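Pasting a structure here, questions to come.
Order of writing sets the labels: A, B, C and D. Residues in every chain begin at 1.
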Amino acid sequence: MLRFLTAGESHGPELTAIVEGLPSRLPIQTTLIDEQLRRRQQGHGRGGRMRIESDRVEITSGLRFGKTLGSPLTMRIRNRDWENWKEKMAIEGDPPENLQPVTKPRPGHADLAGVLKYHHEDVRNVLERSSARNTATLVAVGAVARQLLAPFGIRIFSHVVEIGGVAAREFPRDIEAIPERAEQSSVRCADPEAEARMIEAIDRARREGNTLGGVFEVVALGVPPGLGSYVHPDRRLDGRLAGALMSIQAIKGVEIGIGFEAARLPGSEVHDEIGYDPAIGYTRRTNQAGGIEGGVSNGQPVVVRAAMKPIPTLYKPLKSVDIHTKQSFEASVERSDTCAVPAAAVVGEAMVAWALAVSFREKFGGDSFEELQAQYQSYMELVKRR
Amino acid sequence: MLRFLTAGESHGPELTAIVEGLPSRLPIQTTLIDEQLRRRQQGHGRGGRMRIESDRVEITSGLRFGKTLGSPLTMRIRNRDWENWKEKMAIEGDPPENLQPVTKPRPGHADLAGVLKYHHEDVRNVLERSSARNTATLVAVGAVARQLLAPFGIRIFSHVVEIGGVAAREFPRDIEAIPERAEQSSVRCADPEAEARMIEAIDRARREGNTLGGVFEVVALGVPPGLGSYVHPDRRLDGRLAGALMSIQAIKGVEIGIGFEAARLPGSEVHDEIGYDPAIGYTRRTNQAGGIEGGVSNGQPVVVRAAMKPIPTLYKPLKSVDIHTKQSFEASVERSDTCAVPAAAVVGEAMVAWALAVSFREKFGGDSFEELQAQYQSYMELVKRR
Amino acid sequence: MLRFLTAGESHGPELTAIVEGLPSRLPIQTTLIDEQLRRRQQGHGRGGRMRIESDRVEITSGLRFGKTLGSPLTMRIRNRDWENWKEKMAIEGDPPENLQPVTKPRPGHADLAGVLKYHHEDVRNVLERSSARNTATLVAVGAVARQLLAPFGIRIFSHVVEIGGVAAREFPRDIEAIPERAEQSSVRCADPEAEARMIEAIDRARREGNTLGGVFEVVALGVPPGLGSYVHPDRRLDGRLAGALMSIQAIKGVEIGIGFEAARLPGSEVHDEIGYDPAIGYTRRTNQAGGIEGGVSNGQPVVVRAAMKPIPTLYKPLKSVDIHTKQSFEASVERSDTCAVPAAAVVGEAMVAWALAVSFREKFGGDSFEELQAQYQSYMELVKRR
Amino acid sequence: MLRFLTAGESHGPELTAIVEGLPSRLPIQTTLIDEQLRRRQQGHGRGGRMRIESDRVEITSGLRFGKTLGSPLTMRIRNRDWENWKEKMAIEGDPPENLQPVTKPRPGHADLAGVLKYHHEDVRNVLERSSARNTATLVAVGAVARQLLAPFGIRIFSHVVEIGGVAAREFPRDIEAIPERAEQSSVRCADPEAEARMIEAIDRARREGNTLGGVFEVVALGVPPGLGSYVHPDRRLDGRLAGALMSIQAIKGVEIGIGFEAARLPGSEVHDEIGYDPAIGYTRRTNQAGGIEGGVSNGQPVVVRAAMKPIPTLYKPLKSVDIHTKQSFEASVERSDTCAVPAAAVVGEAMVAWALAVSFREKFGGDSFEELQAQYQSYMELVKRR
């Protein structure tokens, strides 16, 4: 059983994550986690705060000489801005006299629903936790999951396929070329022509005080057949992936494989015919299912897509109501990002890595890395014999 | 903590579900469950088996004189065809001599992935459980969840918005009119013009030996603000809804509110401005968020949409490979439905009801119906004061 | 992840259990489950109802030709008395006119606490589920766990070591002889001299209208080292065993190894010294730890003990208060057992089997019996090399 | 759903705990947590390290101005010795050249089982996590649970009833006097006569290079009726308490109420008769059940007892085997405590607080402290009407 808890407020002293259920003796590198944190902080369309942050993880348990101990792994990410917030976000003691509670809930955020649910009188008590800042811990957790999966040949990448209505159309034939290009693109787009238009769209939106959403795709290569299960709804890999992706801030849609397109095509054009090649086993010429049939990975690349709404905070204000005075106002601006889709794609990779890792651990068990490797191999041999 | 387990093979003696975590003294009616089972079995485009089935639930625990006891509720649904399968699906004893194992995995089903994962030699051992037949238990479980939510004014309906590329366009202004029309439509569509073209498309597909998928929308009215949470990813209502819907057979995409459309619009057109009316509290003129902001219900109708791929079993065959001989073949036909989107919409309602019920129980606790009612009311009064 | 749900009222139509998480292709025999159900119904000191019951399990899912499918396994046990209770325990419809609600909570039962918690007005609504009758499903679930563990050489037995203050003293040197003797004893006691005095004590208690409790021991042989874990409290095997045993009706104490005796001895006499024999690996001359150190099985027999209080229902009445009139009364008698310790020992075995099976599945993963076997063997080879 | 994860190695930089599921607006005081940490570090019979430590908690999330935010609460406890272990316990990088792996597993510890399970080559990789040092986080978690329960009048205390065979006999009549005395006793014993003999026994054991275990009792006052449930085994309060207590290092036995004594008495002397007093509701003259009947709290004080084995590390050595050379040796001494029962009692309180808090949250739900209070009150009124 692989599980995690994350904690931390956006302007609190630090973010924390504990990951429990890793096998022992697995190599984990802090630099590989930092690399993911760095990727999350990039992308054309981000405002000022991203540059302040430059996150780094500090591991404080579960690892010794670069290998897991089998015990829970703790990761901490400091909020570099904490010094400036020490009083307004003080853990204990009285509020500073000049504290201005936030009383203006922003449309499109958890603000109003959070205030009602938790009976808060200061919207800050909601937004500090609901903030996308906290996806940093998800990325860190995902970066650990990736390092669990990597030795088994599972590799996860993402690319942005749409921003503000501008869609990528031309993808490299070689799937390996997609992440290469995406990593070099400031909008994580593998179609250079679309990339240019996406950047344009972002720049235009910024000038207009507007924001843009988009769609990103996450691909996992090397996923063995047999992760997830059809035997009970809550064990399906597609359900877990969808749940994990939809749990990322601002995501409003999730697709697996060709997704909504599958609803429009006739059955004769949707399903992936099965072939067999003695050298490699069962084969498919297409992968419209996105690597999952009946809730189970089928050995093809796992392909998922998520739709992100535009960032709700706007220069161009939205109407809202003060929770104390009940007076109408035009919603204030807290930050200055125009488009966070490239960053969200990195968070999406992390959640996909996590969902796969959970199903991987569930399938293979094993308490040490050696045991997990032996188990993986004996399964793959069973598979070959089928 | 509300939880369930379901069990049963498609041609086994019966399907079973146990629901644990209901409050005591809640009225539950078998007829209301049967009504949902009946709705699942209808719709233009279904083949012969649906007529055989005509499911009815039998409750064997957890209920006395029509009220819950607080103990687990068991529901059984007999498979009326069991008499004809008693030997081929015998629980114990040797297989009949003339047993023909299924060796031909169907593209688009769990067949091949399931055989690899579970090391089965007879594909029947997979398809009996992965079959959509088993959504009957989900509908039964959802029908219980509905009866938990109904006394609190929560009402869930669905309608089909797209089949085989034919999209509904004109919806009744009055949201209440949608379910009325949908219930009378053989394709569960509230737009009469689109309905006619959907029926046409299904009939044409049937003649061509093809199948069609589509998109359905589920709406929950009366959901109080505050279900779900932004404080941890696995407690978000949007994540739970997406996970639950994507866990239904053949679903490949899920949207909340305007979903993928939100990725295409600028921020200024996406978010739902907040108003206030002393008589009713906070108001919204739009509901593009689908009733969920920051993973928390905001008091607006919860609106989700799911994309169903076409049924994989085809008269028009697909290539596959025999798992024993490794010979290529053209995939066989096991059943004769052309389009199951209207039925899937009913399953979708059930899963939405379940996800809401889980979050509802989590928020309110309470061991008896009376206690739950008191808790609901005291919360709603707290909400009014904000 | 291995999990179960049970359901059923004592005088309802039937009891049901669903077990989810079994590997596929595991042989399961109904007769071996029935054998455990039969053992639960025996023992000197039981009254009339046990003879009525004679439970048999019916499996209705998850099994085909005697092997698991990997899908959830459903077991049903009919309540043979249901015909006589159809009206008083009717699932739906109005109560019969002559229904006499139970209003007299019995001390020592869940009756009063249950009525308060669930707001019931008829104590029957509590006692029907809290009844020890429902341990039948636990025994059935445990009988499945045993069949999961048996192929790996894990064997679980129990014997009664104390009844009403009469303690067994002389145990066979050969641990294998204990279950042999216990199975032949009407009080499941392996010490013939104590057995005679236990029977005497029970007979005397019956004559006096009294009841007796006692202590039973459960032993699991063949448990590999490494089940459970010290890395997080909720993964410890000792915690799981204690939780599972204390969850059996009427159990008020649990010990592992020498238990409370360990609190009285000096450290020099408590711990099991470690030896090494090239032929078999690490050895111990003693097993005071009961096979668990640091929450992890150490390869020695797992030995647990549980204390059962006397059955609360008495011929010799106890004072209580009518929940409607608030009048004091002397508590009524519902059944006639004098001592149920031998039966509880069988339930104890079931819960130990379950807790071990959960930890076994957690450690080894594996979706098919073949995969699980390969994983078990590769781990045992890793162990040998240490 | 209330849940926690803890992390940390005994000689790592720090211990961490995250608690998720607290209501918002609940007052939490760091000083009250520190007070519990201090209590854990005391007691006659502790060696040198305890004085080094003097733990203090630092809260880094989930709290603002002394009230919970509803988001996860993070607690960190620094290991003050970390400076001396930085190289030997380095998170990353190569081991220091002079690193001496621990190869000598100590009987009575997780050492050997842990090495086998996790395939470790250095026993330190086990003992760092299995160490009782890590109970500091449990105490911190429990101190939060206490602060959740305290506003509802639930108060938890402990006292030591036996050390090394010396049993307390004379308890103050007034239950309130027990904690008063216990807090002043260096062995946490409320019987002054036994206290003196316990201290003597510890001193003698220390002189002899031996260690002593004992038995402690934890009492929870003010627990409302209705926590836990009989409807499913895993929801019983007795099972949760037993599981939680048995998960503490070195605990080998758990009792509820009179525990094993209940197995020896006849039924007529075991059960707590029920009375009624219009002013206070249902009453009991005795509390042999320890406040739990049928797995549910009945409104009486919850009383549990746990048996702790003597600390395994001995001046008087035990035989063991080097895991690399397979040579026999006499087990080394790592620390110098003679008796840790008084400290374990404090850990026991924490685990009892946690188990109660979980059942309390499960019963009452509620997202804010205000909501929880309203829910508690409306339930207590329902109870009064019964």
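Keep in mind that, in the parts below, a contact is a pair of C-beta atoms (placed from the backbone, for glycine too) under 8 Å apart; a residue touches a chain by one contact, two chains touch by 3 or more.
Note that the structure is a prediction, hence the values are computed from the model and not measured.
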Farthest from subunit B by Cα centre, which chain is it? Let me know.
-> D
Between C-D and B-D, name the chain pair that shares the greater number of C-beta pairs in contact.
-> C-D
What is the distance, in whole Å, between the centres of subunit A and subunit D, each centre taken as the mean of its C-alpha atoms?
-> 37
Mean-CA-position distance for subunit D and subunit B (Å) = 44
Which whole number of Å gives the spacing of the CA centres of subunit C and subunit D?
-> 26
Residues of subunit D touching 2+ other chains?
-> 5-6, 20, 70-72, 117, 119, 129, 226, 229, 231-232, 363, 367-368, 370-371, 382
Contacting residues of subunit A [partner subunit B, same complex] | 5-6, 105, 107-117, 119, 126, 129-130, 138, 162, 164-165, 205, 208, 210-215, 225-226, 229-234, 236, 238-249, 251-260, 262-268, 270-276, 278, 282, 289-290, 293-299, 307-312, 314, 316, 318-321, 323, 326, 328, 351, 363, 382-383, 386
Spell out the residues on subunit B that touch subunit C in their complex, using ranges where they run on.
-> 3-9, 12-16, 18, 20, 24-25, 29-30, 59-66, 69-74, 89-95, 117-120, 125, 128-129, 367-371
What part of subunit B is in contact with subunit D in the complex they form?
-> 1, 20, 70-72, 226, 229, 231-232, 235, 361-368, 370-371, 374-375, 378-379, 382
